[in-house]
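Here come two complexes built around chain A, the first alongside chain B, the second alongside chain C.
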Partner chain A sequence: MVEQMILASECDVANEVICAPADVKELFELPTIFYIGDIAITRTIILIFLAAFIVIALLYFGLRKGSVIPSKFQAVVESLVQFVRKDVAEDIIGPEGVRYAPYLTAMFLFLLVGNLFEITPLINFPITSRMAIPAFLAIVTWLIFVIVGFYKNGFSYFLDIVWPKSVPIGLRWLVGLIELFSVFLLRPLTLAVRLFANLVAGHLMLTLLLGSGAIFIWNFADAGAKSLVGVAWFAFGLGIYLFEIVVAVLQAYIFTLLSAVYIQSSVHPEH
Partner chain B sequence: MEGSIEVLKGGLALMGYGLAAVGPGIGIGIVVGNAITAMARQPEMAGTVRTTMFLGIAFTEALALIGFVLFFIA
Partner chain C sequence: MLYALSTVLLAAEEAEETGNIGLVLPESYELVAGIIAFGIVFFFVWKWAFPAIDKMLEDRQRAIKGQMEDAEAAKAEAQSLLDDYRKQLAEAKSQAAGIINEAREAAEAMKSDIVAKAQTESAQIGTKARADAATERDRALASARVEVANLSIDLAERVVGENLDRAAQLGLVERYLADLERMSD
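Coming up: the complex of A and B.
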């Protein structure tokens, strides 16, 4: 198990204090497993489909019967769906929020599963630490709030952003410029990067600490007394592991919450 | 010569990220501190305060994240 890790082949146990890969990309760009035509199928792609499959199965089997007295499994799935619908969609967007609840629910569950892959034993790779997934979801959210904004308010949606009436006339152009930049560029960028950066940082910390720990302890014949360092790294890594459970759930929640807030700002632009 | 410039660039990018993290660090401290004060004063509003606190954290965090991205780009 330990010999198969990417870190293990490069780590010089006798001279290093912590095992670090030569290039960070090695931890995130996983090798191709097989090809379908010209499309290279990596472990990441399989995990993406696995996450989608888990979400679909969860919702299908959880809500299939819809009995009045729910089973334990149905109660859990219902509370998840109800959480997004009530506490996110309706509380933030308002009564119209129910229309966006399916999108928010699907996104929340997919991100939750994808983030929790980070700490799932034997998977240990958060699919959201590849920029494609956060970027795609952020672009979808961006499209929804821009289209809804123009659809509900016409061109005055854009005009209210670049020429805000509530600001003194001398400053309007400056505030408008900042708002234009922040609404149409920074919103999707920060939305995607927030999730991506948190998961990259988490995966890096877990891999370096737990990986180094395991390698040092495994190779105690070469490392000698230094394998005690490995025990310290491993203990530290386990602490970070607990912290990452919180981060994984929180980041999925924050992504969904911010999407709802952005949609809300298009549905009711004046406040 | 090439190599030393690369190392210098990496070090500067690291310092840039460190500087970018100072402001949001203070900001998140203020956000969370005030949220705790609000929750202690009005425990019945805790749910609303918590949601708003996460929003405030998310917006404050954005600057540090831009610094994080620039660190990787540089």
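Coming up: the complex of A and C.
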């Protein structure tokens, strides 16, 4: 909604083929709603808390009764939680996965809701397209697997990475260097950027296509035959919309899955 | 689509040209909000959701286990009942067979009894009938003999025209008839 208003104010339907803001940041830096002291509470911050609230409400209303014979809603919430607990945490990390299951479950549900905000009507903004959340969760995952790695294996955790014994001695230093770089730097970076970039791209596509489509169709008097282009943009945007549902779920899953894989590699580094 | 992408890329480039790398760096208030929000979610999942789901799963496990045990007990009971019925049925069957056999034997015995009795009776009747017939014949024969003798004497008296010595004549006839009888035998 907000983005469309911004687009409309700047879009010259007579001369442009697609409406894009002069500065792409306008699509991601949302307006301040109110202030607490000097702190500007933006729409993004409200959405971040809304996501947390939705996750908690989902869990609370889904599991509150704890019926032996579950209602449909309870069965859905249960299977969602058990999916991360069993199929991700315990299947990948092993029996010790139980300890990391609360983190992974909270992460999956928070990211899922945050991602799905992208295609939620009236919200239309994935909070994961702001680097804060992917970066924070990637750093937490990084901290967990590094600390667990050293805690479980002592200094040999680090030595096995930089001096891998399974590699021929001539290449060992090179592989060690690559591994050092990959484990401690690339893992958290790619984890965060993968999620962030996917949601940024999705949000851009949706706002530009649906926004432009809507503006061209709405202002058909000025746009003339170009409103047909608007119809095409809008139809294309709807296709992307469906695709983004899959992306939102998949990216939450991938982030959680990779976090579990990284933790597993520290719990059992020989694998 | 390509046009849309290039427009976006252009916009992104413009943003970078104006020194806006801020898009890929976390914004500090959002970071704080994210940490707090995620912390709340994590705490809720850890302290409330997981215990709740565990309790529910245990309840469910217990309920299913109880139901299965009940079903097992009911099955065992049904099996023992069935065994009882089968045993009773077999007993009843063998008893019935015994009764039928006994009845058949009794009937056989009765039948042969009746037949034997009938045979004896018929034999007795035959014997008696034969005896009666013989007596009757003897009697008839005796009376006929006397009659024949008297008739012969009467006939002879008529022929001779005088009374004959009846006693002597009777003896004669008797002797004659006895001779006849001997010859006919």
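In this text, the second predicted complex is superposed on the first by the 267 of 271 C-alpha atoms of A that agree within 3 Å, B and C clash if a C-alpha of one lies under 4 Å from a C-alpha of the other, contacts with A are read in each partner's own complex, and residues count from 1 in each chain.
Operating definition for what follows: a residue touches a chain if its C-beta (ideal position, glycine included) is under 8 Å from a C-beta of that chain, and two chains touch if they have at least 3 such contacts.
These figures come from a predicted structure and were not determined experimentally.
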| item | value |
| --- | --- |
| Partners on chain A (chain B, chain C) - clash or fit | fit |
| First, second, both or neither for A:253, with chain B first and chain C second | first |
| Residues of chain A touched, compared between chain B and chain C (which is higher) | C |
| Which of chain B and chain C A:210 touches, first, second, both or neither | neither |
| Superposed arrangement, angle subtended at the Cα centre of chain A by chain B and chain C, nearest 10 degrees | 100 |
| Which superposed partner A:91 touches (first chain B, second chain C, both, neither) | first |
| Chain B versus chain C as contact partner of A:132, first or second or both or neither | second |
| A:55 touches, of chain B and chain C: first, second, both or neither? | second |
| Contacts of A:18 with chain B and chain C, given as first, second, both or neither | second |
| Touching partner for A:190 - first (chain B), second (chain C), both, neither | first |
| Which of chain B and chain C A:101 touches, first, second, both or neither | second |
| Closest Cα approach, chain C to chain B, once both complexes are overlaid on chain A (Å) | 5 |
| Residues on chain A engaged by chain C in the complex (per definition of touch) | 17-18, 20-25, 28-29, 39-40, 42, 44-45, 48-49, 51-52, 55-56, 59-60, 63-64, 66-68, 78, 81-82, 85, 101-103, 105-107, 109-110, 127, 130-133, 135-137, 196, 200, 204-205, 208-209, 233, 236 |
| Residues on chain B engaged by chain A in the complex (per definition of touch) | 51, 54-55, 57-58, 61-62, 65-66, 68-69 |
| Sites on chain A touched by chain B in the complex | 87, 91-92, 186, 190, 193-194, 197, 250, 253-254, 257-258, 261 |
| Chain C - residues contacting chain A, complex | 1, 3-4, 7-8, 10-12, 14-15, 18, 20, 22-27, 29-31, 33-38, 40-42, 44-46, 48-50, 52-53, 55-56, 59-60, 63 |
